[in-house]
Amino acid sequence: MSMILDHVSYRYGGDTPLAVTALKDVCLQIPDGQFVGLIGHTGSGKSTLVQHMNGLLRASSGHIYWNGEDIYDKEYDMKKLRSQVGLVFQYPEHQLFETDVFSDVCFGPRNLGLDKRETELRAYDALKKVGLPDELFYQSPFDLSGGQKRRAAIAGVLAMKPQMLILDEPTAGLDPKGRDEILGQIKQLQTQTGMTILLVSHSMEDVAEYVDRIVVMNQGSILFDGSPREVFAHNRELEEVGLAVPQVTDLLHRLKDAGFEVDTGATTVKEASATILQALGY
Amino acid sequence: MGIVKTENLVYEYIRRDDEGNVEGITTAVDRVNLDVAPGEFIAILGHNGSGKSTLARHINAILSPTEGTVWVDGMDTSQEEKIWEIRQRAGMVFQNPDNQIIGQVVEEDVGFGPENMGVPTREIWERVEESLRAVGMYQYRKYSPNKLSGGQKQRVSIAGVLAMHPKCIVLDEPTAMLDPTGRRDVIRAVRGLNEVEGVTVILITHYMEETIHCNRVFVMDQGRIAMEGTPKEIFSQVERLKELRLDVPQITLLAYELKKKGVPLSDGILTARELTEELTALRGRQSRLH
Amino acid sequence: MLRDITLGQYYQTESVIHRLDPRIKLGGTLVYIISLFFFNHIWGYLAAALFLAVVIRLSKVPFRFMVRGMKAVLFLFMLTVVFNLFLTPGTPLISFYRLTITREGLRTAFTMAVRLILLVIGSSVMTLTTTPNNLTDGMENMLRPLRVFKVPVHEVAMMMSIALRFIPILLEETDKIMKAQMARGANFESGNLLKRAKALVPLLVPLFVSAFRRANDLAMAMEARCYRGGEGRTRMKPLIFQRRDFIACACIALYLAVSLTAGRLVWLWI
């Protein structure tokens, strides 16, 4: 039960000289129940990569295995894959279309051919999971605030009961408070359901405290893959490719250079504060 | 009087339901007084819905006040006949990079403002060149905007405003839709305008770290100005900022935590460099004591 | 990827044809097309083909791009030829089953084929060598006299150029919304016509909402940059005739004279 990408490459533009290689020989294994952050800046290939995982894009070469099955097998049921690997696009609220929030969330389960009762049950459950208050269920999705719209849209994918959830920059355009709320909710979802979650982001600082593992992409390949602590240890290389390590990591490296006995592996304010206090002898 | 001044500015709008019945009145901006001196770089911080964008739209005379007055370079924005002059003096850059570029080629877009103002052709070319150079986008002048990154598009938009030779530029969350690299480049360009070209800048944002180099920061909440001061003064009030749903930069937060634990640091530390310097100095004093 | 679709079919390169004033190209193409319908002899078409060949050569656009334009109208082309071939009354040449090919039919079918080929390739040369933006400018300029009749020429041109700017953005958006709905199990490909039309709702509603939002933003951005219609505007790239444009003008006139007289002379000679 896992997602395995085996030497996946993706080129578009056909055989013309304008062809672009968006993914280069990507190998990645995501075991069940892991919370993974996929980091890279715009154009690094991270959005392209996740669209392969639910079969929206087809690799030019390589294989993808979901739960042990090759998704490029002739008989493979793509529809089933899409219901099991839920993908929430960037600015998902731009895909809302129904007259009320509840009907919109029902769209996914209904497409799976579920009966009315099951569909509504799932929609209700999904809306609860994203923490949208009941009184908004029958409002027009267009009347909600930015953060609420985004929750409704995430519920639309959750209602399909995926085993793995991929979120492409779920916090883009939100204010800091909205961002923390959404990320908190996603973390809660993960602890409650044990769902596999892949969080795509361009900010390491934002995801550092939530994820178990960070995968860094650059120019279509995987640059680093490991725990936040392991990945941030490469602060120099990360800065070279234009990715900012969290401010505290930057600070700890500076302190270390200045001769302080600090643990540069600390990734959050709390950890950093502890190691600095220790180094100062407080 | 400053370049931009508001006096008891109030903006209300009527909410209606689907049938057009009045549901209530929302006060988006509530008695705001602002006075910006020429050449200043000020920032307006606040979470979504705090009224900061509504305030910004008054400076460009896109909205006109329900109550109170807004002056731009001495002109009252409620005077219909001054509206174009006001829009030329106070340019505006919006949030979405795609929805404010009109031209199909970068240089043509930058020329759009001067064309509207009736600037002679030869001068338009001069203005376009100098504006694109000022934001570091001159080498992209022949590109289609669709081929540029978000940060580059925003810099083109800034050049577009700059080409109108404004005295003041209002930027309404210009970085909200950008990645860190794009954000950094845009903020750098904005600082350049202020420091090199001497243009007054009003930056509206919800990222605190973008306001570090400002002269003054205003924090808005529920349509009012909740805090006002230099970045240092503002950033030292960590608890208050959290209450106002703002994101305190990690370094400031860390310094604050350390201070709470008894480490003698100064207030409102903003950058990793500052904190490193203070801690090094502190260690020096410690070792001398022992 | 949809992002890379360039509108119209502009082929980027440096050539004298590319640099010509769009008004010359528009006018020239018009003259050329009209001329095609005046010839009634092979010599006229030969002159037309020769002229076109020279222009294509000068434009430095590879010939296969011209042929691409032909593909789009292939069906229409075949239809015209077949109809003319079989349905023109006259002296029968060959006849099989209930179909008859007449001498006149053969002649008309051939003429139509040549006319269509020259016409399509001729207009391709214009669209391949002129940016959509430049074309809009040219049209606005040429239609200016219509303003006397209260035709909003400037506004229409502005609308066209904004549409040209936003079509790639909206195409990309369509692609994204489609994928997002597919991720929710939507199916755009199978089912009967009614089912497919229904399946478009989740695509079209978000697309329209987005288009309106963009329109709103754009209108505000344009106002903020002092846009108030065509009155009192200056141009960054005004259309001014250069020497090459006058030369091109002369060439077109010369072509017209030569091809017409050639056709006429040969006609008399026969």
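To keep things simple, chains are lettered A, B and C as they appear, and every chain counts its residues starting from 1.
What we mean here is this: contacts are C-beta pairs under 8 Å (C-beta built on N, C-alpha and C of every residue); 3 or more make two chains touch, one makes a residue touch a chain.
What you are looking at is a predicted structure, and each value in this text was computed from that prediction instead of being measured.
*Asks:* What chains, if any, are shared contacts of chain B and chain C?
*Replies:* Shared contacts of chain B and chain C: A.
*Asks:* Sort out for me whether A-C or A-B is joined by the greater number of C-beta contact pairs.
*Replies:* When the contacts at A-B and A-C are counted, A-B has more.
*Asks:* Averaged over CA atoms, how far is the centre of chain A from the centre of chain C? Could you give it in whole Å?
*Replies:* The answer is 45 Å.
*Asks:* Roughly how far is chain A from chain B, centre to centre by C-alpha average, rounded to an integer in Å?
*Replies:* Using C-alpha averages as centres, the distance is 30 Å.
*Asks:* Mind pulling up the chain B residues that touch chain C in the complex?
*Replies:* Within the complex, chain B contacts chain C at residues 60, 62, 84, 87-88, 91-92, 94, 96, 98-105, 107-108, 111-121, 124-125, 128, 145-146, 160-161, 164.
*Asks:* Name, in rising order, each residue of chain C that touches chain B in their complex.
*Replies:* 3, 131-133, 161-162, 164-165, 168-169, 213-214, 217-218, 220-228, 232-238
*Asks:* Sort out for me which residues of chain A touch chain B in the complex.
*Replies:* Listed in rising order, the residues of chain A that touch chain B are 41-43, 145-147, 172-180, 202-203, 205, 242-244, 246-248, 250-251, 254-255, 258, 260, 269-270, 272-273, 276-277, 280-282.
*Asks:* Considering the complex alone, what residue numbers of chain C touch chain A?
*Replies:* Against chain A, chain C makes touches at 1, 4, 173, 176-177, 179-187, 201-202, 205-206, 209-210.
*Asks:* Taking the complex as given, what residues does chain A use to touch chain C?
*Replies:* 12-13, 18, 20, 51, 54, 56, 79, 82-83, 86-89, 92, 94-97, 107-108, 111-112, 142, 156-157, 160
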